[in-house]
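Here chain A shows up in two complexes: once beside chain B, once beside chain C.
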Partner chain A sequence: MKTHHALRALHGILQREMLRTLRQRARLFSAMVRPLVWLTIFAAGFRSVLGLSITPPYQTYVLYEVYVVPGLAAMMLLFHAMASSLAMVYDREMGSMRLLLTAPLPRWYLLAARLLASVIVGLPLVYLFLFVARFWDVRPPILGYVAVFPALVLSGLMLGAFGLLVSSISTQMENFAGVMNFVIFPMFFASTALYPIWRLAEAGPVLATIAAWNPFSSAVELIRFALYLRFDVVSMLVVVACLVVFFLAAMVGYDPGRGLWSRRGGEG
Partner chain B sequence: MQVLIALVLSMLMARSASAETIYVSNEQDNTVAVVDGATMTLQDTIEVGRRPRGMALSIDKKTLFVAEGDDNRIDMIDLARRQVVGRLPSGADPEFFVVHPDGKRLFVANENDNLVSVVDIAAAKVVGTVDVGVEPEGIAVSPDGRTVACTSETTSMVHLIDAATLELIDNLLIDTRPRAAAFSPDGKQLWVSSEIRGTATVFDAATRAQTGKIEFEVPGIRREGVQAVGIVMSRDGANAYVALGPANRIAEVDTKTLAVRRLYLVGQRPWHVALSDDQKRLISANGNSGDISFIDLENQEVVKSLPVGRGPWSVVIGP
Partner chain C sequence: MNALSVEDLGHSFGNRRVLQGVSFAVAEGRMCILLGRNGAGKTTLFSLITGLYHARAGSVHVFGQAMEANPSAALAQMGIVFQLPTLDLDLTVGENLRYHAALHGLPTDLSKERSREELSRLGVLDRIDHPARALSGGQRRRVEIARALMHGPRLLLLDEPTAGLDVPGRRALERHVRELCRERGIAVVWATHFLEEVGADDDIVVLHQGRVRWAGRADRISPELGVESIAEAFASLTGSP
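This part shows the complex of A and B:
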């Protein structure tokens, strides 16, 4: 694998992802509106939910709007990852995935490039949301917007790798409703995105345990801490470990020799 | 990454660093907490008498007076040694008091005796009393030292006392359960808060006519939950800060328009507030959550809430 060759491939993949994303105006629009709806309507009803306790990394009492913003940023990454994995299933059905994977570069590299491209394309919207959230008085320190970048990239990669795994298992686009019901919603709701652990523990210890083990929680906390200039080591390790595991599993899934693909008759 | 963050944090801290010490009376712990203003950390706790509430610095800022409601006295803390070094009589159940600008006398509200006691600091003696309404609570002295204002919670009045003759000049009716009184720095206005009605009434100090009233509202909190208690005014007289008790908020009020500019979310049930010497920082003592909240007025945000003990009641900022 020559470097310039590899970079050209990455560039091509990135360009394709970008074009595709920019052409889906409706998707862009809804990706931006979704967290804002949560912030204006959902958060408004819960304003005083957190008035009772200080949860790190916050050093004082915060309104619910402030608490929920990192979770909503992670939600944007999650939905983006799932939309991207849906696109991959589509690519498989249309045959362009085969085209990509037959390029004279290692399979892992091509999939990693696809993953990275998808995350990079998704980030500007997350930043736009974080800046718009300032109008809701969610004002983390300015340097927090810099510190949150690696956290967003890592979380995006982890969720993207998860989407890659899902796309390697899921055979048809019709299955995607099932993915929404059984993957995205539980992952989002049973996490620290909407409520801190202590609040979930009040609802039920099982839910709190699930949330604590949910890798999406780690992504949320990594983003939350970074946004307030703190470094959550445990969350970072969990996110990195999950990234590696999901990516390796997706590798297996996409391997025509060994993976689920071959068992299904290698329709790609 | 960690190094970078540590560097950034230390820069931020250095920027807001101020050589101030914050003193907080813990009503239920019988202590005064000592907090370092630069690092915003608890440094010390000083044991005092029972139920410490009102506090004030001496004019030379070397001594802190602490009213001990259940011990019927005022303790004097030497701030250099951080020790109680003397006691003053105060009359029964002192809740709140002020140091007269002459530096020689304290005016103390005696909650149970319906009196204002005048204490001579040097002689350690009560040198006079003034009869006021039922349950005197808040007390303030005009910047020129001529007038002392005392609120009485049950009578719902503010009583104006001539500081020289100790005669009552006037009684003004206030909304239910008045708490704190504060003169504007130019001495032209008198502000009085009403706990039950959640209002602050503004009077012209010279004519004693009501010139305005602020009705506090906090979105999402029912009216009964918004109660006005402690008041502090900025040195330039442009802003007043009012603690809203169970609403867990501090209101920033424009003293010209009487509009509430901003509400800061602090700990539970803030009683009293204090402004730093540079007027850039506001600190609230939050009675129910046992902490104090630091508000950065330049960036208009609450920076930190620090646990200090049980039942923080009043806060004083010293050198």
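This part shows the complex of A and C:
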């Protein structure tokens, strides 16, 4: 694989992702509005009923809005990853995935480039949300916006790799309703995005254990700590390990010798 | 050297065997018509030739490069037009071509120049800034052929490229591809079930129920089988009326 060829392909894939995203205005709009609706309605309701003790990385009592914003940023990455995964299944059904997979570059590289491009395209929206959240008095240190960048990239890659894995085993777009109900929603709700672990433990130790093992919780905590200039080593290790496992599993799904197409064929 | 060599290729999906012992070769600069009814295995064969998935048995070589061992080198020589339209409908025609060029490592300037050149040759240059969604079926096919030629392939594969086109559209497309074959010396594999798309000077491979029933020059098939026409020969090879 020649470096200049690989870079041009990455540039092409990134450009395509950007153009597609910019032209799908309804998707852009809903991606931005979704976390704001949560912040405005959900957080306002919970603020009055949910007390928060001092929970790291916060060094004092914080408003519920402050607690929930990193979780909502992670939620944006999760939904973006799933939208990207859905787009891959759509591309496969419509045939345009074939164009990518028959490019003269290693398949792992093409899929990694697509994954990276998807994360890069999703990040500006997350930053926009984090800045808009300042109007809700969620004001992390300015340097936190810089420190959170690698945390957002890593979390986005991990969730994107999970989406890639889902797309590699999903045969039809219709299956995505099931994915949303049985994977995405449990992943989001059984995590530390909305409540701290100790709150979940009060509801039930099983739920707290699930949340503690949920890789989405690690993504949330990595973002939360980075935003307040702290480094959560365990969360980072979990996110990196899950990224590697999900990506390798997705590669098996897209492998020309063992993957879905090889077993079931394309259109005949 | 052959542009394409397919040797003893076999594939199955679960217990369903779709290709068995498929062998044929396409010489440089030749037009090869892959003839078969729907379900004969043409699309699966295309998927194996293009490396979308690996065959359970046999091998594919493109200009001497083994698809399984060195897919990038083999794919770099190939231009592909799939049976399903693969244009990105959210992008313009020019953006679709430049995306393909980037995947093949072409620099931006060359990519812009080539896209104008190829679209002009296929008579759709005026559509370069139009969204792919706005094109007719025939225009989309021509754009797909232009895109497949962007990186200067030496082997062009077309899987039922005239499906869904009206008769004048089919004739025009066939004429364009024959010109390419003649003028640029590109080897072409054209899969179809329309017998009228076979030219007397073409090579043909008749595929039926996953096996090659006959392969050779089109003008040899009727005398060899002792029938009057290609249509009769095809009918006798595929056991159809």
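The rule we apply is simple: the second predicted complex is superposed on the first by the 258 of 268 C-alpha atoms of A that agree within 3 Å, B and C clash if a C-alpha of one lies under 4 Å from a C-alpha of the other, contacts with A are read in each partner's own complex, and residues count from 1 in each chain.
Following the convention adopted for this analysis, a residue touches a chain if its C-beta (ideal position, glycine included) is under 8 Å from a C-beta of that chain, and two chains touch if they have at least 3 such contacts.
Source: prediction; values computed, not measured.
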Joint occupancy of chain A by chain B and chain C, clash or fit: fit
Partner chain in contact with A:63 - chain B first, chain C second, else both or neither: first
Broader residue contact with chain A after superposition on the shared chain, chain B or chain C: C
Partner chain in contact with A:175 - chain B first, chain C second, else both or neither: neither
First, second, both or neither for A:139, with chain B first and chain C second: first
Which of chain B and chain C A:19 touches, first, second, both or neither: second
Which superposed partner A:55 touches (first chain B, second chain C, both, neither): neither
Distance of closest approach, chain C and chain B, by C-alpha atoms in Å: 35
Chain C residues touching chain A - in the complex, by the definition given at the top: 13-14, 18, 39, 43-44, 47, 50-54, 71-76, 78, 80, 82-88, 90-91, 95, 98-107
Interface residues, chain A side, partner chain C - complex: 1-2, 4-6, 8-9, 11-13, 15-16, 19-20, 23-24, 94-96, 98-106, 110, 256-257, 259, 261-268
List of chain A residues in touch with chain B within their complex: 47-48, 51-52, 54, 59-63, 139, 141, 143, 147, 150, 229-231
Residues of chain B that touch chain A when the two form their complex: 1-2, 5, 8-9, 12, 219-221, 248, 265-268, 289, 293-294, 301-305
